[in-house]
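In the two complexes below, chain A is the common chain; its partner is chain B in one and chain C in the other.
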Partner chain A sequence: MVSGRRAALTYALSAPFVVFALFPFAWMLVTSIKKNSELYDLAQNPFLVRAGPTWDHYRFLFQHTAFPLWLRNSAIVAIASTAASVVLASLAAHALARLRFRYAEGVSTFVFIVYLMPTTLLFLPLARVVSALHLSNTLWSLIVTYPAFMVPFITWMLAAYLSSIPRDLEESALVDGCTRLGALWRVVVPLARPGLITATLFAFTLAWSEFIYALTFISTTSVKTVTAGVVVDLIRGDVFYWGSLMGGALVASLPVVLLFSLFLDYYVAGLTAGAVKG
Partner chain B sequence: MLAPTLLLLLLLAVYPLLYALYLSMTSTQVGTPGRFVGLANFVRLPQTQIFALTLWNTVWYTVAAVAAKLVLGLALALVLAQRAPGMRWIRGAVLVPWVAPISLSVLAWTWMFDLSFSVINWVLMHLHLVPGPIAWLGAPRLARCAVVLVNVWSGLPFFGITFLAGLVTVPQELYEAATVDGVGAMGRFWAITLPLLRPVLATVLLFSLVMTSSDFATVFVLTHGGPMNTTQLLATLAFKLGLATGDLGNAAAISLYLFPALACMTYVQARLMRRAWQW
Partner chain C sequence: MGMTRRAFVTVVGGAGLAAAAGLGRPRPAAGAGATLRLLAHSSYNEDSDKAIARLGAEFAAAHSATFSADFIDQPEVAAKLTAEEQAQAGHDIVDLQDNLPTIHKGFLVPLDDVVAEITRTYGAFYPIAKDSGYVDGHWLSIPWLGNCELGVYRADYFAQVGERPPATWTDLLRAATKLKKAGHPVGIAVSQCEDSNAALYPLLWSFGASVTDARGRLTIDSPATGAALDYVRRLAAEMDPTVFSWDDSSNNKHMLSGRGSYTINAPSIYLKAKRDKMPFAASVKHAQPPAGPKGRFFYADIHGWGVFKFSKNIDLAKRFLRSMYTAEGQKVFLTLGQGYDMPVLPHFDVNPPYAADPQLRPEVGFLKNAHLAAYPAPPDPRAEKAYQTYVIPNMFARAAQGASNKDAVAFAVKALKDIGYA
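On to the complex of A and B.
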């Protein structure tokens, strides 16, 4: 039983953290629905929308900029690289968690070390690899390179998850005449579904939010993803553009934030699996 | 079934790393193949003013941001560990900065720090805490604090939620026994919570040192490294040199400068993880 006073104290203590975390997003919303005349009037209280809300900034964003294209590009890149990464990582995680082979420990340490390798260390040489593969300035440059940082992370997460599923189940399937892949597909995949959902969500979130590769490998406006497009191509000259910039930032954050609110528990489980379970 | 993953990592992680190592020991410019110069880039860089400043900025940024995230993250975890109706949604809310694309949320901070229209200034001025607008991103010292603040904002959720997961594993009986023995709340925190959280603290600390020292988006979007390079980090300087000037040799050397330190931390981290695995 939680007493009322204790709950009130908890809310009071959480409030500063919640406000700190959410204020920038609330500010995106307020800025994006205000008329320019009010937005750039220093005499006005910035928290109020006195002149009434306007859709002008969103209309500008969707009709006069490449923003819809960027959203589409981000969706293509995130979905394709997530699909590829989840398949590769599931196979690798299964091998690491189950099969006894000589270099298993070495390989899992290697995967972990690559997981810790920051993308900012690799963007320059990768740009040359991408251009050697004739992929510069295409969405493929991102679809191909994103799995390099997504796969180690979700392999690590899935291996921890898979090792909690009893191996007897899989072995009985093998005894009953299943192939290794058959056992993986019919026995392990259904049991590992929560882990796989978490892995997919994380992979998608990482891919949707990636910035430095998108910034480096792609220079044509119409091929950009939304993270690089909004930051680089919407900021033009001295025109006051904050309304549509904030609208763009908000709309582009929505897909992952929505997924997050729908699958909150999966995200929390995945976030903590890395550090606590190993 | 490991082969596809290993092939991918060799081609897109190990090979680029080795290639960066090679580039960093040459005088390569975009369009002209360079000569092999050994460690000359690494030796000359610290003697240039801009690199010395950047290295110092990176160290300061990392230490300040990680320390703040550690302390605030612990506080956040202790708050989130309380039981109250709707706690699940409070946990969800504080995680939003972690889930939203960082380059876009930093854009909101850029607007909140705007010289003329900063909402933070408006609040401070209306509470009569400051006489006039503050140039958050225009003065070196303030800009440094601003980039740290934004990094703390985006990194805090990870710290808080991971510490929370650690807190949940601490056996409640220990707290009950200590309470029976008359140990106060602070005493229980120092004698039970902190020591038992140590493995989680160490893992998160090392992970965050690696990620914070290689941060790019925060500074790139908020200040572009300015004013006068006072917030320039290794990653943003490497980006500037490598892509704007095309000086690939030096850019590679800059991005690899902390590599030995990062490699040591990664090694320690991998050891810690293996021990955790065996528990």
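On to the complex of A and C.
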């Protein structure tokens, strides 16, 4: 009885947060399946679909825009830049958490400060880098530049996590003949899996939802990622394709939702491990 | 077997460089024809973009070149231009709205020779077009099109309340009171969007106020501005209360929902209602913007073409731009533009293809007396910054939501001084 009451209380307390979290998705779904005539009718309840659902906005999205290509491009960029960033950041985080070298603390602080640098400031100097590397208007321009904001963030996150793993385990591996990299790969990485997965999830989300680099480094419709493509191609002057915009946003959010759902346990473990470090 | 650090770096670095070389954009083979790249804002009317693409493709075919046009929504153009200027690479030809040439002038090629050829054949551009493209004694952008801001009204709703389309702001206020009671409120954006700028600058001028005088000195703090603020405060009380949070699509939605009775906008509302065969399309009419105590003022956006100095195809770009200003090119563009896009050369504004539609006839000659935001001063980057940061809509919004005239004007003066006005 007590546990039943506690469960009810838990649900009651969490309900507002669930509604808050799900509201954007519900809004996107409802808007994306409404007919244009109903979308423009201000007298209608915006939360209901009274005139019957329509798939026209999705049909337009998939058949009359490059939306499938944008999704593919986003996936390529997000996976490649996440993989590169996690590898680089793991090495950096390991160095900051384990190796004793001069200025280690200063470097750690510097990484944190770089993480705070807004991407909207970085895109201007990076535009020069992209141009110098002859990568403008290619997916590589994003794959190469996204780590600029992803690596500091993941490094900072992983450094805290790696500090929670006992140093003795790694030192035992070194005594047993492992190289530094071997110990990292065979001992630290398996133990740090929740932290790595959490970092990967965050990095993937950052790359998937990035806008300003995708807008400024890419011009051709077929090379755009989903964030830039949906906004740039579905807002024409003062006419917004609301149904398709919301449909595009909804579909584009699904991979991230799916990833978080699949790895929720690791995610929670990764976030909380550093918190209980004694 | 262990791997040395040096070997690791060599393998990873080598793989990265190899991948970059393999997957980067293929470079054009030596001797291949040039590729002319153009960046433009995406028009509400997709056919306008197609017209530019068609003109470009025809030109490219005749010059053994390739033409590539990218269209993006207007608010994103600024970031794109800035990034390309930093990179010293990108598009050859870029779309520059209103006073943007004053901001990007250091990166633009003077196009005086092209403009001289065009004007020798077809006469001078409209003054507003010159205000946009002519900077510091040079044509840095060749004006291409104008988008006008008209009074858009529902003739049936105005008839229901016994009102005629408003000729003056006073007429509009009187009608707004009746229309609100009838459930069909007037709606003019008083918010951070381009439509709000486009409605409120001419309102300000029509009350005898302006941001600066003809020499660019601040004059916003004046009794005339106070009168304009008083008026908007009264009008706002009779309008749809959501006007303070509108974006550029909101007044379209206001009218296309069938609820709204009046707004100030480009003809996109009428054209959308007509294209989608909305039942009330025939009742959507256009009128000149209302006049104030000091007269009637017209606002329009001008889009022109600039050529970046870092372009490797400057001569080709100039030749392409020249080719766009022919009778045939203008006919293609104005026909596909359907009346949303207007000619900036009076020569082509005598009987444009869309003038056959009586609802679009008020557009003919509209640009003759229209002004940009810098008016009455000459083109000025500070005017463009004030426009882009919505200083005037913010001032009106403050007054309409409770601030005194003194406070609203003080806010505007501070914002304008921060931009560089004195």
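To be clear about the criterion, the second predicted complex is superposed on the first by the 231 of 278 C-alpha atoms of A that agree within 3 Å, B and C clash if a C-alpha of one lies under 4 Å from a C-alpha of the other, contacts with A are read in each partner's own complex, and residues count from 1 in each chain.
Simple rule for what comes next: a residue touches a chain if its C-beta (ideal position, glycine included) is under 8 Å from a C-beta of that chain, and two chains touch if they have at least 3 such contacts.
Here the structure is a predicted model, which means the values were calculated and not measured.
Asker: Once the shared chain is lined up, is A:L96 touching chain B (first), chain C (second), both, or neither of them?
Answerer: Only chain B is touched by A:L96; chain C is not.
Asker: A:P147 in the overlay: touching chain B, chain C, both, or neither? Say first, second, both or neither.
Answerer: After superposition on chain A, A:P147 lies in contact with chain B alone.
Asker: In the superposed arrangement, does A:D233 touch chain B (first), chain C (second), both or neither?
Answerer: Second partner only, chain C.
Asker: In the overlaid three-chain picture, which partner chain does A:A203 touch, first (chain B) or second (chain C), both, or neither?
Answerer: neither
Asker: Applying the touch criterion given at the start, work out whether A:Y40 contacts chain B, chain C, both or neither, answering first, second, both or neither.
Answerer: both
Asker: Counting residues of chain A touched by each partner, does chain B or chain C come out ahead?
Answerer: Of chain B and chain C, the partner in contact with more residues of chain A is B.
Asker: Could you tell me if A:V49 is touching chain B, chain C, both of them or neither one (first, second, both, neither)?
Answerer: Neither partner.
Asker: Please indicate which partner A:I212 is in contact with in the superposed arrangement: first for chain B, second for chain C, both, or neither.
Answerer: both
Asker: If we overlay the two complexes on their shared chain A, which of chain B and chain C does A:P125 touch? Say first, second, both or neither.
Answerer: both
Asker: With the touch criterion stated at the top, can you tell me which chain A residues are shared between the chain B interface and the chain C interface?
Answerer: 40, 42, 123-125, 128, 144, 212, 215-216, 231, 242
Asker: Would you pull the chain A residues touching chain B in the complex into a rising list?
Answerer: So the residues of chain A in touch with chain B come to 2, 6-7, 10-11, 13-14, 17-18, 20-22, 24-25, 27-28, 31, 39-40, 42, 45-47, 88-89, 91-92, 94-96, 105, 107, 109-114, 116-118, 120-126, 128-129, 144-145, 147-149, 151-152, 155, 205, 208-209, 211-212, 215-216, 226-228, 230-231, 242, 245-246, 248-249, 252-253, 256-257, 260-261, 264, 267-268, 271-272, 274-278.
Asker: Provide the residue numbers of chain C that touch chain A in the complex, in ascending order.
Answerer: Listed in rising order, the residues are 2-3, 5, 8, 20, 23-25, 27, 37, 39, 41-46, 68, 70, 72-74, 76, 79-80, 82-84, 86-91, 194-195, 248-249, 251-254, 256-259, 265-266, 268, 272, 276, 340.
Asker: Which residues of chain B touch chain A in their complex?
Answerer: Residues of chain B touching chain A: 1-2, 4-6, 8-9, 11-17, 19-20, 23, 76, 79-80, 82-85, 87-88, 90-105, 107-109, 111-112, 114, 116-117, 119, 122, 153, 156-158, 160-162, 164-166, 169, 200, 203-204, 207, 210-211, 214-217, 220-221, 234-235, 238-239, 242-243, 248, 251-252, 255-256, 259, 262, 266, 269-270, 273-274, 276-277, 279.
Asker: Within their complex, state which residues of chain A touch chain C.
Answerer: 36, 40-43, 123-125, 127-128, 130-131, 133-140, 144, 179, 181-182, 212, 215-217, 219-221, 231-233, 235-240, 242
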